[in-house]
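Below you'll find a set of structures to go through.
Both complexes shown next keep subunit A, but they swap its partner, so subunit B is in the first and subunit C is in the second.
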Partner chain A sequence: MSATTDLQPGRSGPRLSAAVRRGALPWLILAVVYALCVIASADFLTWHTIRLQLIQAAFIGLVAIGETLAILIGHIDLSIPWTITLTGIFATNLYAAHPHEWVAFGAAIGIGVAVGLVNMLGVYVLRVNSLIWTLSINLMLQGLTLIYTNAAAPTTVVPPAAKFLALGMVGEIPMAAVLWAVCAVIVIGALRFTPFGRAVYAIGSNELVALVSGIRLGRVYAAVFITSGVMAALVGLLLSGYSSQAYLGMGDDYLLPPVAAVVIGGSRLAGGEGGYGGSIAGAMTVILLEAMLITLNVSQGEREIVFGAILLALAFLFLGRSRR
Partner chain B sequence: MPDAVLRAENLTKRYGGITALEDVSLSLAAGEVLALLGANGAGKSTLVKLLSGNILPDGGSIAIGGEGRHLTSPRMAFEAGVATVHQELSLFGSLTVAQNVLIGREERGRFGHIREDASLRRTEALLAEIGVPDIAADARVGTLSLAQRQLVEIAKAMSFDPRVLILDEPTSALGLTDVHRLLTVVRGLRAKGRAIIFISHRMEEIEDIADSVTILRSGRKVGAFPRHSFTRERALELMLGETQQQLHAVPPPPAPPDSTPPILQVADLRLDGRLNGVSFDLRPGEVLGLAGLEGQGQKDMLFALFGLFRRGLRGDVIIRGQARRASRPLQAIAAGLAFIPDDRKNMGGFMFLPIAHNVTITILNRLRRFLFLDSRQEKAVVSALIRQLAIKCSSADAPLGSLSGGNQQKVIAAKWLAFERDIYLFCDPTRGVDAGARETIYATIRDLAAAGKGIILYSTDMVEFPILCSRVLVFRGGKIAGAVSGAEINEESILALSFRDTGTVAA
Partner chain C sequence: MSKMRDRLGEHIGPLCCAIGVIAVVALYAAYQPAILSAFGIASLANASVTLALAALGQTVVLMTGALDLSIGSEISLVNCFAATFMGDGTTSIVLVVIASLLIGVLAGAINGVVVAYGRVAPLIATFCTSFVYAGISLTLRPQPGGSIPDSFANLLTGNWGLLPFSAVLLLLAVLVIWLPVFRSRLGRFILAYGDNPDSAFASGIPVRRVGMAAYMLAGLFAAIAGLFLAAETTSGDPSIGNVYTLNSLAAAVLGGVALTGGRGSMIGPILGAILLSIILNVLSVVGISAFWQDFIEGGILILVLGLAGIRLLRAQSWTSLLGRSQS
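Up next, the complex of A and B:
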């Protein structure tokens, strides 16, 4: 009988509130950073400015979906920047030659899936450290992009749908934010309420236990890295829509900011703990920090240094906190 | 004995509330080989760790060469003149014999650089001294046989020029020829006046080489003989003791009738040196015990059945008449196997995930309705199992790691009760588990047997076999040394088989 009485939910109170506190921390950080932004410039109170930041945050937030999944299973995806650039340039060029929306989006999804499969191959099948593997793939995608642009110059012809998704408005809300919200709901739901989500946390907690419990590791790895590849490719299209052109280096700002967003969001870098909810706040925080530094006329070089320092501090804090 | 090189008096070591070693004294003269005998958990390794400076005693004293010593580190033990060759070899496969033997103490040149040639020569001299000049000092250890590595370990120990040499089961992994060679080396060292503590489970080796035999049981010294008055029967009796009061309090589940077709057939299973041709049948409703001293292949057997060896496994595993040898856990699970490992932290459960998620990890697909997990059904499954196994927890959402070891083990068992399988492999399920949880695990095993499941139970606690198993296979050197069934299952018969002659087995 003690077992049944022990099941009373009331006793989990303190633990629950600790979890809530932990879940709330990224939003608290976001609030502080936003307050600092407002102090730096009252412009941050206007909807116009907020809207612009929201679009930027959506781009980071969308790629942070894949990054969150990769980090939750205990890995990382650093192949995002050149997946973005390659997709942006290749898909728009293809669209210029064959002006159908589905051609551009089909190409983007194809590139995303391919990159994801290659990453899964290296990290799961060949067991290469994901940091090394995905960074090398990033480098190779860069090479591929350069070879491709030698043969075909980037174009300014951009699919209208990409433009709409990046710049369009639904009433007063940017379309990019709506897209982000929809994707966020799907990811959070998948992580919390589906077998896939359970498997992701299981693998990140202890891969050997997941293996002997009958989890199909390969499928989960594939799903995680393909999601990451497809989200990066999609953002590649959106970014070319946003600037009405695709160009070399357009993905360069997407190497570490997504990682920073996930870590600020409270996910454990070693995997198994966290979720996408925090990454949303993390993405906004990263963008606001950047905007604030620009407002304060901090030069690009100095901004990079500040960002590097923040990332290191986060890694130190969060890794240190969860070393157990 | 005033001439004792090593004298240990009243050594006592406690871990928490458990006394691993109590009041053990022994003394050892130059040129003497003292054999140490005892079953699993008798305290042999504790004694070795104390003498080699790996742990400190809670009571008692150690004197070496008549001088009281406080051995606070392995280094200090070396300096005091005690060198130990541990059971797990500690050589670097990618380094040469000389680099291993003199590691950290290489011959140095004027600028502090390592003089490989001088190191080589010194190692060659050491190898010649212990009587194995055929091992090349510049060979990579990775290319040597297990027996040769064992001898390199001895050379390494001898490089400290010890007065006392401790050999912890040096022969356990060796074949007959290599054993003879090693014993010859030991004899040579004895002739040179070294005092040697020799640990082995092989009676004939002990009869062959020991000058005296000390027997431990449950952390106490229960007997010491000079060689001439030692008999195997007496030794077994002493190792066994009188621990058999409660044994037949509960009869084991009845053996299924002989006519029942087997659910699992294993034929000539081999795994490079660790399993050397194991064959047996398991019938539904049967609890089959795997016994023997630790590390004789029982655990490898379970790991092999559950697909944890991706390659190197040979032989047949037939489940319900179909060949189902697994090279991945998924295949084993699909073939109807469940595995409850002994290493809860690394293989058993997700310590930081909720209890509920640990239990239902095996049945995620079954709990899926359309895309999502049916949380009501999940709650029902989990709370039923929490009740059934009397798992003590504040809530099903509490992390697994917050539970006691026994309750963790129940949760790990629960995940395979949620996902019902035909054959359950229990790998030492009660290790480090409290009495209450033990009873629950025993009851679970009985219930599974009653439900017609096939069960294989590997245990390091021999008390469990008579109360749970209808048949016990005793492993030795990766083979089945013998089987006992029914009323013959007791510690005595198991120990006798565990320690039986290698002559017939090692060939």
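Up next, the complex of A and C:
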């Protein structure tokens, strides 16, 4: 990343040393994991391999934008996998029927906004626990996708723009990474310098106080979940561009990794502390870990065990303790 | 008067479920009279018992004010273990059944240690362990398969006249596990802890051990459910339990178990599980395509959760819910 120094999370104030420690830790973890990767296979030193991992990390990183925001306000979004799949399949099909770029991207954004609003309705208005609600929405989206595709074969017509964003190159740097960097700068800026960012941290720290201080909770919730939905939908389009087709289950790998990226990135699962800078390191760490385990011929089941255990260890060690 | 309304409110969940079950079965019978035969009853019972057991396990944990998202994975784990190692001999069957139950309790104990002693938030903790357990089942059995001896399968899924053995199994689970626990001190501790953790702690209740016991009981119920699924499908499948995580939650909420802890019965979740299972069963029988299953399942879940949310909104002031992890 070009702007590493800009991307450190944490807040200034009396707890500066803790914030610095927390801000540096994700990058330290990333460095260790990268070193392990290099030990596992010297291929990880070549730019070709790094570039491939960077594209994968960009997908996780883009999704992690919404996940970071959701976790910062003390909630979580697990409706991402099937938002990705539904968008990928629906938008490419729509594009196959009406070959205009804006149709596909418009449909993607529409789906993202709709999913975000439904999530906000359950989590904010009805106060259902976000983990359960968004998981249920994920199940419903899965059903919706199955009904929509009705066992039809996926289309291989993909909007060129999606293809370019996923596979294109700017010089030696993948387009996906550039897009990721732009989005990252916007999110970090928004979290640090705008009223929206302050509201996000306030809600995560103490929602009642935030309400009493005159923060419009509903708007912040809507913004957070709509961002998450739209980013997932966008990644759905990018992923179908990446593999030149949309297919059932294409989003299945996006349930745990985005959460892991945010947690490794040092955001507190209970909300109110952290930032997107760490999530960038987290996204790369997750992808490198996965790549390393694949290089070492570790089966999918064992990979799940490792990820679950790592996330649990991190939650236990320093991040997600319940406040009881 | 208000006392009467309180008591009605306490039983409204099970009551609605009971009415729902009768209505759905009546509709079903009108459409397909064979359902009231011995075979039909056995198949309905078989379809509901797994969810009923999972819901009972979920309820124990819900009563402590926590939550178990790893129940589905625990079921898959036991299911895969049993289908892989059961063999044919009577000794091996008995040994595997005992080992399966122990695995369930052990998985629950790990959850309990992490939540009660590690103080990780229950949602996150069990969410993480669910991936660990799912990974173990996937490693144990990368593809669905394995075998279950007919004798074991018939023992759990057969029927004796109008009485399906699966119902007997559920009854046994209630009589041998649920009732003794909730007639004992432990049961009162669980409810007290769920109702108000702070005052439970202040009154000297060993809150950590109680929290841990709740997860172990949930694991035990999940193990029985996994064994039953193994008998029903006569094979092991690493993803077979997935649907039970959310559905057990829905069944418990339908049955009137408070997601905030401290309240719940045994009959409510069982009726809720039967209602949910029969509805899903009816859908496939009346010819609604399998593609609609997930959508309708998700829809029912959202409806149940949403209704519970609305009920909560009416009960308390909305602002008092802010910042707290509800339902």
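Some points to look at:
Quick note on the criterion: the second predicted complex is superposed on the first by the 297 of 324 C-alpha atoms of A that agree within 3 Å, B and C clash if a C-alpha of one lies under 4 Å from a C-alpha of the other, contacts with A are read in each partner's own complex, and residues count from 1 in each chain.
One rule holds for everything that comes next: a contact is a pair of C-beta atoms (placed from the backbone, for glycine too) under 8 Å apart; a residue touches a chain by one contact, two chains touch by 3 or more.
Only a predicted model underlies this, so the values are computations on that prediction, with no experimental measurement involved.
By the touch criterion defined above, A:194 reaches subunit B but does not reach subunit C. In the superposition on chain A, A:211 makes contact with both subunit B and subunit C. Within the superposed three-chain model, A:103 lies out of touch with both subunit B and subunit C [touch as defined at top]. After overlaying the two complexes on the shared chain, residue contacts for A:151 are found with subunit C alone; subunit B is out of touch.
Touch criterion met: A:202 reaches subunit B, while subunit C stays clear of it. Once the two complexes are overlaid on the shared chain, A:273 sits against subunit B while remaining clear of subunit C.
Put subunit B and subunit C next to each other and count what each touches on subunit A; the higher total goes to C.
Overlap of the subunit B and subunit C contact sets on subunit A: residues 206, 208, 211. Only residues 306, 308, 329-330, 333, 339, 341, 346-353, 357, 360-362, 364-365, 367-368, 371-373, 375, 383, 386-387, 390-398, 415, 419 of subunit B touch subunit A when the two sit together in their complex. Every residue of subunit A that touches subunit B in the complex is listed here, in rising order: 2-4, 6-9, 11-12, 15, 189, 193-195, 198-199, 201-202, 205-206, 208-216, 272-273.
Looking at the complex, you find that subunit C touches subunit A at residues 67, 69, 114, 118-125, 127-132, 134-140, 142, 197, 238, 246, 249, 259, 289, 291-299, 301-302, 305-306, 308-310, 312-313, 318-319, 321-323, 325-327. The touching residues of subunit A, when paired with subunit C in their complex, are 74, 122, 125-129, 131-133, 135-144, 146-147, 150-151, 206-208, 211, 217, 256, 269-270, 299-309, 311-312, 315-316, 320-322, 324.
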